[in-house]
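I am attaching a structure below and will ask some questions about it afterwards.
We just call them A, B, C, D and E in the order they show up, numbering each chain from 1.
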Amino acid sequence: MQHTLDQPLLEIDHLTRVFLSRQGLSVTRLEAVDDASLTLTAGKPEIYALAGESGSGKTTLARMVLGLERPSEGTLNYKGRSVGELSARDKRTWFYKEVQPVFQDPFATFSPMKRIDSYLYETARNYQVAKGADVDKRIDEALRVVGLTLAEVRGRYPNELSGGQAQRVSIARALITRPSLLVADEPVSMLDASLRMSILNLFKDLRDKEGVAVLYITHDLATAYYTADRIGVMLRGWIVETGPVERVLGSPLHPYTQLLKSSVPQADPDKAWSAEPTLAPRPVTFPVSGGCKFAARCPKVMDRCRVEIPASYEAEGRSVKCFLYA
Amino acid sequence: MLTTIRDLFRYNSAFRYGSLILVVVFILAGLSFFSPYAPEARRVVPRAAPPSLEHWFGTTSQGQDVFWMLTFAVRNTLIVAGLAVIIGRGIGVMIGMISGYLGGRWDRFLSGLVDSFIVIPRLPLLILIAAMLRGHMTLVALGVMIGLLDWAIPSKRYRSQVLSLREREFTNTAVFSGMRSVKVVVREHLPFLIPFLLADVVSGFLFAIGLEVTLSVLGLGDMNAQSLGTMIYWGNYYQSLLANRVWVLAAPIAAAVLIVVGFYLASVGLTAYLDPRTRLARLQAKG
Amino acid sequence: MGRAATALPRSETPIQTAFGTPPFMTLLKEYIVPRLIQWAIVIFIGVSLTFLIPRMSPINPIDQAMGRLTAFQTLSPEATLALRQSLMDLYGLEGNLLTQYLNFWGRVLRGDLGPSFSAFPTTVADMIGSGIWWTIGLLGLSTIIAWTLGLVLGGLAGYFPDRWWSKAVENTLVSIYPIPYYIVAFILLMLFTYYLPIFPLVGGSRGTASFSWSYIGSLVYYGFLPALSLVIGATAFRFIMSKALASTERSSDYVRFAEIAALPKRRIVFRYVIRNTMLPQVTDLALSLAAIFEGALITEVVFGYPGLGYLLLNAINASDYNMIMGITLLSIVGIATASLLVDLCYPLIDPRVRYR
Amino acid sequence: QPSGLPVDVPREQLFVSDQILRYNVVGNYNFWVLGPQNPTRHAMFLETLWIRDQETGALVNDAASAPPQYNDDYTQMSVELRDNIFWSDGVQFTADDLVYTIETLKSTPELGANGWHAQLNQFVESVEKTGDHSVTFTLTEPNARFHSLFEARWNGIYMMPKHVFEEVEDLATFTNNPPVVLGTYIPVQADPNGFWELYERREDWERSPAGVETNNPGPENILSIFYGDSTRKAIAMSRGELDVYFDADFEAFQETLDTTPTARSWYQEFPWAYPNEVSSRQFVFNQENDPVFANKDVRWALALALDIVELQTEYIGGVVKVTPIPVPPTGELVSLYHEPLEEWLIDLEIDLGNGEMYKPYDPTVPDRIAEWAEGQGYDVPGTPREVFGSGWWKFDPEAAEALLVKNGFSRDGSGQWLKPDGEPWVLSLQSPPDENDAFRMANAASDMWTDFGIQVDLQGPERSVWDQNHIEGQFQVSTPWYSFALASGDAWPEIRGWHPDFYVPVGEDYRSLGGNNFQRINDPRVGELIDAMAAVEPGSEENHELVTDFLKHWTEEMYFITTISFKKFVTWDERYWTGFPTAENPERMPLYWFQGGKYTFQSLRPVAE
Amino acid sequence: MAQPPILEARDLKAYYITEAFGVRRTVKAVDGVSLSIQPGEIYGIAGESGCGKSTLLKMLLGEFEPPLTPVEGTVAYDFGEGPSDALGMDEAEVASIRWSRVSYVPQGSMHVLNPVRRIGDTFHDFISTHRPMPRRQTNEMVKAYLAEFGLREGVLQSFPHQLSGGMRQRVTIALATILSPKLIFADEPTTALDVVVQRSVIQLLKRIQRDHGSTLVLITHDMGVQANLADRIAVLYAGKLVEEADTRTIFKAPRHPYTQHLIGSLPTLEDKVARQSLPGRPPALDDPPTGCRFHPRCPYAMDICKSVEPPLVTLEDGHRAACHLITDEADHAAHSRPALA
């Protein structure tokens, strides 16, 4: 299949992933990702942030994009080919060259038992991006993009590097195959504040200079705002609001996004929270399922929210999954 | 490697004692090659003599020198146990890793197989097979058999290890580095299993030596070969205890205990050393 | 932003109740039924294996029986042939392997294990019936004693690794642990029945079974040595495992937290440390049941104790297929069922566990 | 201190006897179906018509009151029964019981124990009561040995209580519990696990055959108990928890003497053991596994390479009798066979091949053993021949060498024998370790043949494997036990299985035609002699001559290298009970586990008396 | 500051001293920290991961076990009855002040509940140890208290895993505060929580502090949280206290280059201005740089920084900082002692 420019790079359409989880003697069905849609265009590489509270399905979505998890429903196409249906061979020879991951914990990314450069060499050799002495050159090149050199890294064990360095190596490894898409699942949440910025700046550089699109997953709205071009806010498997990051976070429409934004503690004593939270238990008066997933907590809840599932509506240059904007 | 051993020796008393015992054991086994008597020779020394300068561990009522018998016995028992351990752990690691890594249908099939093996009582099965093979039962066959029976429970342990390793992020890194499954399992996962493997090797040794002794005293081993078990068997057969020739039994019993204690202690030390946590701490300290 | 907006997140899930909820059907379908199927398959494979293996043996039960019957007497050749034929009939060894196999399952499903070859005409069921309680009693009890003892001692030693008593217990048990079981048993036997003849040589009790003190006393008296030999080794094993688990537990967050809150040590040891080390050990208890049948054999032979082990050894030596089958069937079903039950009940014991 | 015994009977009322095997079948006393028979049980309370005492060779009346009477052509046998014995439930024993026993056994195939059903149908046409206590059997064909079915050495057809059995619907499943018996003792308590069984003396003990015969009450209770191996028996006796054990290995026996001063065996002193059980040990050869053993010179060479004196002394401890023929030198048999054969043996010559005829027999063997014994500081209680048996083959490796060379064997550089085909000679010798004597004998042979230059592979397989190897002929040399003569002197029943009619080649079950010939000997001369014996009366001079001829032939062929007779360390402790027969008082056999053992038990007296 | 400080640490040094296979490591996790905390105050401790925050807190709590070893310095509590040594308490003394006066919300507080004990039992364990009372009474008390936390009483019957992370964290906080202690230490009480839950937990802490008049010592590296909660903030770098001031000053007028960087580099919502990151990484504490520990990364590093450790000097209003750039401005002799060599 030939990839054309106007074809989207990544096309996620009504994607659902269901987990059955059993606990004690009961089984619960959990839609980790529920009817999520998003598209990354091919022409102009962008950083797409996926944000949302813990357990909202960000990682699951990312794993599906990486082909590590099979979608239960919906389509997920990369350059027009369905990721779930790729053969093991196709994955190795084509898909993994195109799409590479950056994981959350740089130390978990590499086996502590192995030298960190072995992954670089494995990647370079297995995808035959270079031969002989060129291998070293290609690796060094990739490392330089992230501000390291092969000399610094060679022969070292992961724990001999700082978290930021290790995370850079992880990114460099991903870059060796010259991928078109990086899927970065909370790539900075384990890093020190000062290192965080250097990685985020690196993503921007990669987008601008190397033309790499990034699916940036985070629960930190501030970094999402700082880094991303577009953002999708996830709530229990749904993408409830998506659009340009300035708009979505600047003036959130979905009540959930609003709640999220207001809850972010601002590093400024002048912007401290004013309101007192109510912690008294509130009885749950209706089943949580069947309506909008946010209905139980929503301050603007309407009757229909409890029975009907909202569709995604276009509003103010973004798409919102809320009846308020129907 | 040498520094590891030196460090262990210096800082870990369990390892120190264990390896000293093992050295003695291996020297004993090695001495068998210099034995002045053939292993099966009888009537070569005075009968039923208590330990003396000439016959350190005494002699049997068959006119055999207990010390030299013991050298053969230790060697042969080590061979049986070694074989059993290699085969048992080999199968265990392989099945455990395959089943853990591949998951899905393969995992279900292999787990079912493993579970079926676990529920079959092993000792009776071994006795049954030994009874069947008797006459053709050699030490090698015994070792192989024990090995073939002692893999199921370890393999479960490896499986669960690999199951959790598979979920670790670096597995995905390896996959995205273009490594094939076999390579991932061998290069990425196997190193993590080494501490378990070691602990397991020791319990394998315990099991194999215990079984060798048990089968022999039930009269089901290779009664013509010298092993710790057959020494005990023949010691009992000629009533060493009743006839106050305790030395005939004391030697193999002490040797059996020493071997297993030696392996056990050495492994305790080694496991402590290989424990990923302390190991990482050390790497960090040096790096 | 309204007050309600900062209220509780959705995770205020109600505590889930067992049964009654529709997902139970899913659980049944997704977990219980497959687990039951697995149970059946495991038994099927195990039993088939034990059916086949003795039949691959060159030893023929008819010849064994003939040997026993004619050892001391002279039979006319005609009578010899007649005897052989009648043995074939009685033992149900007519027909090829497949027929025998099908017949075998037929009988098993009817609960008929057939006659014992070596103790003809007593049925295997009768023989097992008279042996099993001894085995279960001795091994079950000593397994439980050893399990509990090892767990508690290991927990204590893991929590107080530097006390003198914990070191003493540890050193003792660790030195006993690797000694092959036969040797432990044999040494105990010689020590306490010969050099210091205080325990009986053979049997499981004295007098007729009743609920009298003297009979129960005799059970203890006769069972003491065998049980001791079993308890020693098993305690050592359990101790080592439990201690390792307890040392991990000891540095776990909740134990540290309880310590910081200055909870009494005793409570921490038992309710925090040992209670938590217990859980993985419960699964292992099911596996130790497998060892029951292994342990039984040597214990019973060494101590002259009644039970299945002795029966099994005799049966193996006499190629008593029916008996071998009976005992292994029992053992396989027992172990498979025990581990099934443990798997199914584990969530009740460990509140954290999730089914796979 | 609690007693280690499992029953609560005062020790002075309880005799504890060693049981050879654990009772397999518990609570079933129907001894006519397969299974419940057990040495102790038949010794305690089952009666046949006559008992053959192994010590005296005498025929002892059991339920019969006189020896059997045959008509002239041996087609009828009449039996007179005791008229003074009663079943344990008080009913008198009569001819009806015997007739019922025979007819029931004949007509009920399920009562298949011991082949009696088959043999009675084969031999008995009919059986009639000719008086209250007399019965006549009509036989299917002339048969001078029919009574041997009722003449117990080990066991014989047990009498059935008609009044009990005729009430029973299905005799095959009937358990006869509690049993109604003719014996003095009835079982009252049994361990469900078969470790022990307790018997109680009948109130009317003087109305049982043993009671009548000995006129002694015997112990009130007898406990028959299984302790396990020799070690445990020795321990039990030292603890005062065992009054007699049937055998032990030499070391355990010595330990018993050391730890239990009141214990003794047949002889008070050396050589202790009871030597007169009618059985002997031999090396036997498989004629068809390796061709070398089909050659009688090879078999002779192996015999001559054995030093019987060393074997009997160093390996067996000097406690058995030596015999060159497969008949043990016990009681009557010595005068019947060993003495008459002595001269023939002395003159016997074999051809060494180098033109030399060689006399292999060495009559001085008993004297040399006696010399050894005296050298050990032992007294020999009798003449060397009485105590150590007859002469044996010379230990003459040179003669053995000549025989082998004659047959194309040669030695390699290191002195090891090569077979005629040039292959190294590896001789496989199998002997089950659970038979202590045989295994030691095998050890001796292994050592001696090794010294002689043969590579010996000595294997000690477990019994069932050993049996199976024999059945299929998977062996070369082995160590079974045989006596070709019964205590009565008759041989036919014992050797009939070697008749060529029953010969089966290697690879098939040697029993498939009913024979005993696992050596696969196929010798027409053997057949002729057997046929001839069948036609004569067992006690006749004629028969003895035929047996002698047979033994000569067998010896010349060296089919078996017979070495020693059986010995049994039947050892009893006189702490509580006395009255066991001994060498000083050899009125009957001490073999209490044979069916005649009831007389032995019945003669016991408490020490306190 | 009329009242005597409820907690005072002087020149506290606490090292992790480990020895494995002959390799000896000394991690100087807390290296000469002095601070004093007033009753009723919320004192925040900030700093990057691994700089010794938790270690400091453990020392302040007097809860240390090998390899953590107090090397020098003192920690004293004063609950109005005169100062008492926190580091040298025996078991009985510890038992007498813990939970009733001093309590602790540990790092990773979602994981500190015994997984196999029901919440109610755990509460009973903790309460009855320090204030013996019958089971029924603790239940009543806990029920009422949990309600304030927005937790229904069913929680008492549940096992920890049945609760969400936020609920567990709240339970732990309740567990630590139910006996109204005077001094509460909280170590990263909100990490790993999503922002919505985090907010409720933080505000809850604040309320407890206010309602009971407790003193709260709060660790978090999240400057946003600090800004919302703390009255005064101390910034740690590599085991040293580098700056301490009231919240507003720290955020609006930080003096130490490290603090400046920490505040300045934080991305904020609705601000996309490019931010630079500092080069290098925090030093390993087993081999810290000489002189000022920040100098290898400091954009303003001078020669003196490499060799001489800057003393912690007090500026106006109890604002303290340790940097050679500001040493001159202050009269350090009066307020802080020279660092030990």
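We adopt the following convention: a residue touches a chain if its C-beta (ideal position, glycine included) is under 8 Å from a C-beta of that chain, and two chains touch if they have at least 3 such contacts.
All values reported here derive from a predicted model rather than from experimental measurement.
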| said: I'd like the most central chain, judged by C-alpha centroids against the all-protein C-alpha centroid. | reply: C
| note | Maximum distance between Cα centroids and chain E occurs for chain D
| task | Give the chain pair, either C-D or B-D, that is connected by more C-beta contacts. | result | C-D
| note | So, in whole Å, the Cα centroid of chain C is separated from that of chain E by 52
| query | In angstrom, rounded to a whole number, how far apart do the mean CA points of chain A and chain D lie? | reply | 90
| remark: Taking each chain's mean CA coordinate, chain A and chain B are separated, in whole Å, by 50
| field | Residues within chain D bordering two or more other chains | value | 235, 462, 464-465
| query | What residues in chain E touch two or more of the other chains? | reply | 150, 152, 165, 194, 196-197, 199-200, 203
| field | Shared interface positions of chain A, touching two or more other chains | value | 53, 259, 263, 276-279, 281
| Complex interface listing, chain A residues touching chain B | 66, 68, 92, 96, 100-101, 103-105, 108-114, 119, 122-123, 125-127, 156-157, 159-160, 170, 173-174
| For chain E, which residues count as touching chain A in their complex? | 48-49, 147-152, 165, 192-200, 202-204, 207, 221-228, 247-248, 251-252, 261-263, 265-272, 274-278, 281-282
| message | Per the contact definition, I'd like the list of chain B residues that touch chain D in the complex. | response | 42-43, 61-62, 131, 134-135, 219-220, 223-224, 236-239, 241-243
| field | chain D - residues contacting chain B, complex | value | 230-231, 234-235, 249, 251-252, 254-255, 430, 433-434, 443, 447, 457-462, 464-465, 469, 474
| request: Please name which positions on chain D make contact with chain C in the complex. | output: 1-2, 4-8, 22, 24-26, 28, 33-36, 109, 112-119, 122, 148, 153-155, 172-173, 189, 191-196, 225-228, 232, 235-236, 238-239, 241, 462-465, 467-468, 471-472, 493-494, 496-497, 502, 509, 511, 513-515
